[in-house]
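Naming follows writing order (A, B, C and D), and every chain is counted from residue 1.
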Amino acid sequence: MHAIGVDIGGTKIAAGVVDPDGNVLRLVRHGTSSDDPAEIERAVVDAVQELRAEHEVGAVGVAAAGFVDAERSRVRFAPNIAWRDHALRDSLATHIDLPIVVENDANAAGWAEFRFGAGRDAEHMVLLTVGTGLGGAIVTGGSLLRGAFGAAGEVGHMQLVPDGQLCGCGHAGCWEQYASGRALVRDTKAALVTTPERADALLRLAGGDPEDVTGPHVTEAARAGDPLALELLEDLGAALGTGIADLAALLDPEVVVVGGGVADAGDLLLAPARRAFTEQLFARGFRPEPVIVTARLGNDAGVVGVADLARG
Amino acid sequence: MHAIGVDIGGTKIAAGVVDPDGNVLRLVRHGTSSDDPAEIERAVVDAVQELRAEHEVGAVGVAAAGFVDAERSRVRFAPNIAWRDHALRDSLATHIDLPIVVENDANAAGWAEFRFGAGRDAEHMVLLTVGTGLGGAIVTGGSLLRGAFGAAGEVGHMQLVPDGQLCGCGHAGCWEQYASGRALVRDTKAALVTTPERADALLRLAGGDPEDVTGPHVTEAARAGDPLALELLEDLGAALGTGIADLAALLDPEVVVVGGGVADAGDLLLAPARRAFTEQLFARGFRPEPVIVTARLGNDAGVVGVADLARG
Amino acid sequence: MHAIGVDIGGTKIAAGVVDPDGNVLRLVRHGTSSDDPAEIERAVVDAVQELRAEHEVGAVGVAAAGFVDAERSRVRFAPNIAWRDHALRDSLATHIDLPIVVENDANAAGWAEFRFGAGRDAEHMVLLTVGTGLGGAIVTGGSLLRGAFGAAGEVGHMQLVPDGQLCGCGHAGCWEQYASGRALVRDTKAALVTTPERADALLRLAGGDPEDVTGPHVTEAARAGDPLALELLEDLGAALGTGIADLAALLDPEVVVVGGGVADAGDLLLAPARRAFTEQLFARGFRPEPVIVTARLGNDAGVVGVADLARG
Amino acid sequence: MHAIGVDIGGTKIAAGVVDPDGNVLRLVRHGTSSDDPAEIERAVVDAVQELRAEHEVGAVGVAAAGFVDAERSRVRFAPNIAWRDHALRDSLATHIDLPIVVENDANAAGWAEFRFGAGRDAEHMVLLTVGTGLGGAIVTGGSLLRGAFGAAGEVGHMQLVPDGQLCGCGHAGCWEQYASGRALVRDTKAALVTTPERADALLRLAGGDPEDVTGPHVTEAARAGDPLALELLEDLGAALGTGIADLAALLDPEVVVVGGGVADAGDLLLAPARRAFTEQLFARGFRPEPVIVTARLGNDAGVVGVADLARG
């Protein structure tokens, strides 16, 4: 059975027809205004109708950032859209006569990697999405871990550093503040100011202004061998690996999949992550060790995963 | 069907006949020498035979500290007994003609609380055992989380403080170093030295020598209102609550059950734990919150839990 | 001999005639635009001439935020004024025919407390100014500690928390990020969001908007017994006391004087500071302990201190 | 004028005749039993008489670990000898008819480096002694900083890591726990256990038993290029450099001198120390920066320094 997956982002929605092997048969993207929830729902309905005009499908999955309740029906809270305890499934169901499942977008991407990507051979997997922030999804014993209230998997808000960097969530020292694109840019700007003698390569890429530096600048400079950029990715990787060791102590996965834009740095990020992980893993020598690998499905993971979840 | 549960401790084994409602119909205890694995196995076999002489049972569960493999058959590593990748189930099966299941002791206790104790109304639960060390067990969606290799649930070795107190496991800053009986005694001794003007009550209980102070001394002094003892339990509780907030971000349980000897302090420990948890919990206001409660089954939890797991 | 002290702030200058006992005989204040260094210098010259018209004086001291060189002549760097390696003394000397001394403003205030205020009976003193930021001055053996290059006493930028809160200076975890008015406001806003059930009193004072809360609101609420405000001041005090213990290990002062706007909270701040200090002080019992007291000279300390330093 | 310097260690005393240029004209060493304070005093008197038989001297300086009062007369507390508020100067004066000065041993060594060694061109200097523990001495404006009660300069007990490694002093996270020989050995043992695949070179030097590894083993292995040993010295150096940045923010020295046994590792230790220092130094670019160099006077520094201090 084919299913449609819809991934609602901050500025656009992506929708695709996905076959049972995880192949995307057709994909459409529409820009949206996140200020207007009604418009977003209309765009979802339109995209579904557009795809159904060409493909026979049996279910629809909808992925969005935020908390989705245990019934995978209501959005309790979305950070980027004005949904607060919103009955998204019922609202969409008045326009779409197919079974609908709503899921958190990181969970959807994690499920896709588990079913069709870097975690396909595992029963226990963790996905980490190192993008602007740090998201995650947990699969245990072949099932997505959703928690009692649909709020599980918020890896980015585990505390890594007591009294550490203030997070947008209001707490201090969240892992996300040390292992995300936002953290990378913040630390890069600070290093350009505090150690200006090492700043040349990155400043050149940023057009001369430290405030304009971006994560991809760091990756590019690191690839060219710039010592500061390499150190910045090493520090980020070390923070990533340290947290992964915590997850391994708790969840004992076979594989940890790292995706998101910052993971484009590949082994410049993952080699130091593996090193820190190895140095921190509990009870080494008395246990098989999980492997840390890059994600395979790229930007379509949310669409693929939520379609598969909708299929049931 | 009745089942036998056997809980192998460092200096004794407890074995009991457990009915399907978690009642212990008969319990026996035997001292053991942990230096001799063969003697321990003989004691297990003897206890099982003794109990079977009086009760009809259909399965046997055996709980021990350490890593148990995913098949719940081999002990990969035990901290207190000289088992290294030992085929405990097969070895016992040559003497016991019943289905046998081997399980980690914290997992067994957690399962007992989940099935018959403080977690019986939950689907998602975490057990924390605050004894000499800090152990734990995780139940998600009604199943015990064992991980890919049977090593899940090692909560005590998540890192709470980067570059923090050295742990017996070789790493620094493990949660166990801040939320366990051993941590309490260590910090108490240090406080008696660094702030002697607050030491009177505790020193009196310890017979005058700071080196002889124990965890129960702290609880007793705190109950009598001693400010230093209260502060020590508050600090321990805060460390407990901070880590629980991490677990909640990741696992989203309905209930966190706190057992172990240190939990005898009750609300002197749990009130500050709840406070720190509340101050640290991610996304409060947009999610139901787990409750933190004391364990109900006491010392028999391991026997009850592993018998129930053996039953199937 | 009387001397004139001039204290250059961000938005105004204060100038006074100070007698040898530290009494301010006459004080004038002028608003300034910190955008124009020339205007500031003219305002200094004008104020000096105005005061000299009425009083016989023998020297002029000028205090400003920033680094002043070892000769107390050039301003290497000022955070609020566009002075970069500026020969302030020589520039003023073309208009003022008196001996002139330039000094860092925190050093000036510290000197005043040492000579005429809370440190007058000590030979070894530390001043901490808990204002928007955290400044300091050190007196050892009766002399102001200026360091090799005039940069000593930057207490606010000692690291309190590794990988902690990012500071405006580009580094992470500076003491100032945990013991200053800015830290208090930041943590208050965060607490209003993360524990809204405790927010009522502070929100009322802030007119309903967490973004409008100020340090004085916290002090006011704490005085009225509000638990959240009390806890916020306790946390700030604890951070203050912990750092003071470091200073005592290093400098062994008799007295630590705490001034600045946040110190208006008095014992609501200093009691927890003393407690944390006591718990952290090295080698208690084998040394006399410094006392922690509030500053006495208030806003005029800079004027008084720099006048006295100019007197020589 | 020549003077005699006596340095009282845990198991021996060294005594020497020192000329005004810091040259040691004659040196004697005697073993002592630290259990008997009277025997130590007799050994000091004997050594002084032995040296005076051959050299004309005008003063005697005596250096010992511990707190020495502000009059440089009484030992308030010594960690290795049973002196508690002991009038050491007066006691020695009954047998030695020369002016006597008592001084803390780290202060003595620091003074020697300041007068005749690596700090001779500076007015503001810090000495760090990285031996079993971490000691220090501070010179400001050409004077030894002794503090109000003779307890200044205890750099090793500034807090580097909140809730960090427990220190023998009873507090957690002291700098000494991260930048000393004891810390190096502790971390080496832990690394041999947690990352055994990197342990070969160090284990070979230690004769196969991780418990037998020493600091010099690490230096030797690092010199031979062993990655684990290099990393251990890098971590130690980073901790050293981070703390030095704190000292620089506070004291603004021209030079930081690093001595003690661990400093034998030279740039294997100091290069990472300088790197961490540079990354952490406050207000770089707006201030001259102190240099970090190795000590020059070796084991005789205490004798040389305390003789010079006695000379007055």
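Observations, loosely collected:
Here, contacts are C-beta pairs under 8 Å (C-beta built on N, C-alpha and C of every residue); 3 or more make two chains touch, one makes a residue touch a chain.
This is a predicted model, so every value here is computed, not measured.
When you average the Cα atoms of each chain and compare centres, the chain farthest from chain C turns out to be B. Set side by side, B-C and C-D show the greater C-beta contact count at C-D.
In whole angstrom, the spacing between the mean C-alpha positions of chain B and chain D is 45. If each chain is reduced to the centroid of its CA atoms, chain B and chain C end up 51 Å from each other. Chain C and chain D have Cα centroids separated by 34 Å. Within chain C, residues 161-163, 169, 171, 191, 194 each touch two or more of the remaining chains.
Within the complex formed with chain C, the chain D residues making contact are 67, 76-77, 122-124, 138, 140-141, 143, 145-155, 157-162, 169, 171, 174, 242, 245-247, 249-254, 280, 282-283, 286-288, 290. Residues of chain C that touch chain B in their complex: 162-163, 191, 194-196, 278-279, 281, 284-285. Of all residues in chain D, only 161-166, 169-173, 178, 186, 190-191, 193-194 touch chain B in the complex they form.
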